[in-house]
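You will see two complexes here that share chain A, one where it goes with chain B and one where it goes with chain C.
So, the complex of A and B:
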């Protein structure tokens, strides 16, 4: 399952960089898993080190919504 | 794994809300009079007509004939007069068109009917619609007792005959005789004898009284193929004739289809309704007879329809915010929960319904059928756990907290200082020391001073949250911890401060002798510093609803310290839940708050609680509330104690630890363990961030853990423009993020902290927690 980026809230990553390599963040397709389900979502992160950046608006919103959905599955 | 249907079958009959009301069960035609009155009251005549056409035969002719036996059984008749349902029918029938007749194609089956009374016409109507060929043999004018009826409009009668004509019903004048009967019998599949036509008697057809006797169920006589109208003692009633025609038609239709006419017809009988309806607070509203009873006006009918109560139970729903919130009643909720658990494919969208009940038991106390929704919900939760469909996040926070309190590093038992044995063991529970540490210490001191044989102290959680969450393995683990503490104390009598502990001990640890703190205190001298305040409304915890001795002790204690009380209607056995019960507030915080608000609606007085969770939850919803220990062992004046804010999640956890360390040092001279590096991390959290953390259930210790990791590993992201850092860690099944700035003094300013349960790439941490491990959940792979 791929969530189109237009389903996700605007993520403001302006000014954030990877602390390890100093690279600015870039949006890429990453694998997200929960309750045995795995799907790919476009999320910002460090293109070198593979860290994913999650802002509060995403954690409290779409992620929580999908978590609840998967728990009810 | 589906839920066993027997659980639902056992529960179902207790809830009577969807039982039909008396007007319907006592109507020989089972008219939905309540539904009719509801629609008529709103002036919805077309919809009302659909009800009439569905239940009543002969194109609404019934409206002019029915004697309205429902009126005698109407609950309103106990207040003033029963609702005049035939009046409603008459207005509806006169002002609306009947539904178009849609007879089935001809069946080729012939039915002969003798007598043209109302039962015969009804039977012809019913069987004609089914495509059977009905011939009515009669002498003189058709209609039987209808002929010359003062209220029957000629037009309605003519229309009925026209409708019967459309159903291909044939009227044939004949001289009633044994030969005529024999001929009809030979030429048809069944014969019906409508003795309600005064022109027809058994003798005329050559039948003895015994031969004309019928089975009350099928109306079949002992003669092959012959059915007959039953004999009713007393003056004849049209409604019985209508019912007889309908019943005989049902029998004939069954015979033609090869189905037994005798079985499964109980629903056609009249019977007392099981529906409970309270008449409390229903004002008297006498009927106003219409100017012309045969031609009432719509306004008169609407006024009459508005007198319908309407009958329904909903006794528990009136008091339960959970059932109100889900717009349901116990039987409906049980079915939804059952279906939800039995879902094989797709989402279990009603999980939250099973998790939001406080299992407080108030519904059972109120219910006329003793339906125990809480118990049903609890069984459902067990099935959810067994079937591995219990949403992990619902109870995880509470269970993690519980597991930590009962860990060997935290829970403890000590004999009274200076003693080697304990006659008693004071068990304050997990929340009292966290929220009210000074009073907990004071009451322990009071117990030591007045009880003989030594009073030991145990700090632990009884395990009630594991039971509410229906986690069997965790419950067992908690029970073993508590039993272990009790055994190491030498198996003394346990003094419990918490009503939920008392219920849990009784259920899970019945071998342990227990007494509530309040019963013990009531027998001891009044504490020297006890203080009373203004009048307080007393709030019993729902867990103590059946503990009358404790309820009495608490009131006795209040009296002893001269504390005036206001008694609420919903107290004692009818105690309301604060929302903590059954972990309702853990799974559904917004609804949990509504439980407390419902309680606050009972009085405008400040409250007195003797369960600390009740106290804190009622206070959190805005009402000044004191705990009884606030009065007996005051650390501040009662009015101030009532205003003390309810501690947050972190306050509670830290308060409990501080209590533990202080008590161990003060009474047993034990030095607390040195603060760990993590605990030494100083964090500064602005108020608005703290409020968000509370909602997100993030503890200050969670933040410290992330920062400790960031100290060693470095944060993941940084924002050079603002100097802020973002650290992430997944120490258990939750990923925490902390956005912070490092201050020159080495402390941390916390700008935000948030969490999610999904796993995203690159975040360090173990991702396992004790609850999931205990219950066999594989954190990353879903259900093990």
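So, the complex of A and C:
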């Protein structure tokens, strides 16, 4: 399954710094995989170590919804 | 596994319906439920045959307190259902029998419908009943409209609309004959807010329908499926399965379901001896592992027993769940629970909270069985939804989710009061009682009902 690449809006990375590397976060394409399906979304991350920051709005929103889809009964 | 006692529980004498201490014992490849009535002697019935092992099929739950409504204790379980204070689970599904009319006279009917004493409850009365149910349960319940045959109810779309306003989902339990005859009915019901159709669908040949429903119905079933698909109405195929009658068609039935995008799953109900039934003998019984084995054999391993997991809402021994994503090529990719490397639910060390599981169970059922919004029926959003990879994944996952589930209803030969107290599928009995499904339909060996 191939899905379009798109940007999550309104993620303000201003002022966020990677704790490990001290680098300011930059928005870049991140591959997300669920159930054998992969897609890419633009997320802030550290340009040095690649650690990705998942904003609360995403974790508590669409990611939670995806997890619920995958939940058992 | 060694032979011997696995656990004790309580059951009923099949003849006099008195409560008896019971033992669950392994004997060879079978797990038996046995008890002795001082008046009518010893009774023993197989409740589990095959893999997964009975002993490993666990999903313990902490009993839910404060189940409403409370009936005062009297003679004790299972005589005071309503629910009584001994009950340990909230309802996640409430079944309302809106008519006793039926357009079939099946040799097999747990509700024993179509006896010539038919009536329609007035819409105003049913609306009041739904409001009363809502006051007890809140919104997070699946409302099942049943009968008799509920599509014969003259104001069904109005009732569906009221149910959709009050509850998380509205399910219609139907034989599909009216949906086949009147293409407009499916559209009316979809517009009224029906969530999905639970379509009686015992097999893929007329021979099977002749035996179980008393006449050939294959053409009508196909027409009902087509009309639902055209109306954008999601469907779950519901076969009642008896060994030696239609268990050989399970694989073909699943393959048919996979091939139809509007069909969201197959929900298998092994035959029980409750109500009217000429196929109630032990030779026709199927336990849950036997259903899994047939599914595996008949689908060439597309479905595998190890992918199944016990339910999070009803008692663990009452059902199994298989959830997949179906591909355009007809393959099934396991989702949660099993076969995907993230199985976590088979043997939890601590009981999970029942009240929370009910909420989750309703959500999961909605995700599994509710179709994507029918064309032309999408409610415009005030603000357009943002489209990104997550949105698209969610939309596709909703379209592609496919489940195979089975629910082993209990009859007087297999009834286990521990399971009954863990039941979350309740029949509403006016004016103010919720009765666990299997207790409500249970009849003695001589046909004497416990409740009806």
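Quick note on the criterion: the second predicted complex is superposed on the first by the 56 of 73 C-alpha atoms of A that agree within 3 Å, B and C clash if a C-alpha of one lies under 4 Å from a C-alpha of the other, contacts with A are read in each partner's own complex, and residues count from 1 in each chain.
One rule holds for everything that comes next: a contact is a pair of C-beta atoms (placed from the backbone, for glycine too) under 8 Å apart; a residue touches a chain by one contact, two chains touch by 3 or more.
Because the structure is predicted, anything quoted here is derived from the model rather than measured.
Visitor: Check whether A:65 is in contact with chain B, with chain C, with both or with neither, and answer first, second, both or neither.
Guide: So A:65 only meets chain C here.
Visitor: For A:40 in the superposed arrangement: first (chain B), second (chain C), both or neither?
Guide: A:40 contacts chain C only, not chain B.
Visitor: One more residue to check, A:32. First (chain B), second (chain C), both or neither?
Guide: Both chain B and chain C are touched by A:32.
Visitor: Using the touch criterion from the header, give the chain among chain B and chain C with more contacted residues in chain A.
Guide: It is B that touches the greater number of chain A residues.
Visitor: Show which residues of chain A both chain B and chain C reach, each in its own complex.
Guide: 32, 34-37, 58, 63, 66, 68-69, 71-73
Visitor: Give the list of chain A residues in touch with chain B in this complex.
Guide: For this pair, the touching residues of chain A are 15-20, 25, 30-37, 43, 45-46, 49-54, 56, 58-60, 63-64, 66-69, 71-73.
Visitor: Chain C touches which residues of chain A in the complex?
Guide: 1, 3-9, 32, 34-37, 39-41, 58, 62-63, 65-66, 68-73
Visitor: Note which residues of chain C are touching chain A in the complex, please.
Guide: Spelled out, the residues of chain C in touch with chain A are 309, 311-313, 321, 323, 325, 333, 335-337, 340, 345, 360-361, 363-365, 367-368, 386-394, 396-398, 401.
Visitor: What residues of chain B sit close enough to touch chain A in their complex?
Guide: Going by the criterion above, the answer is residues 346-349, 351, 391-394, 696, 714-722, 725-726, 728, 735, 737, 752, 754-763, 780-783.
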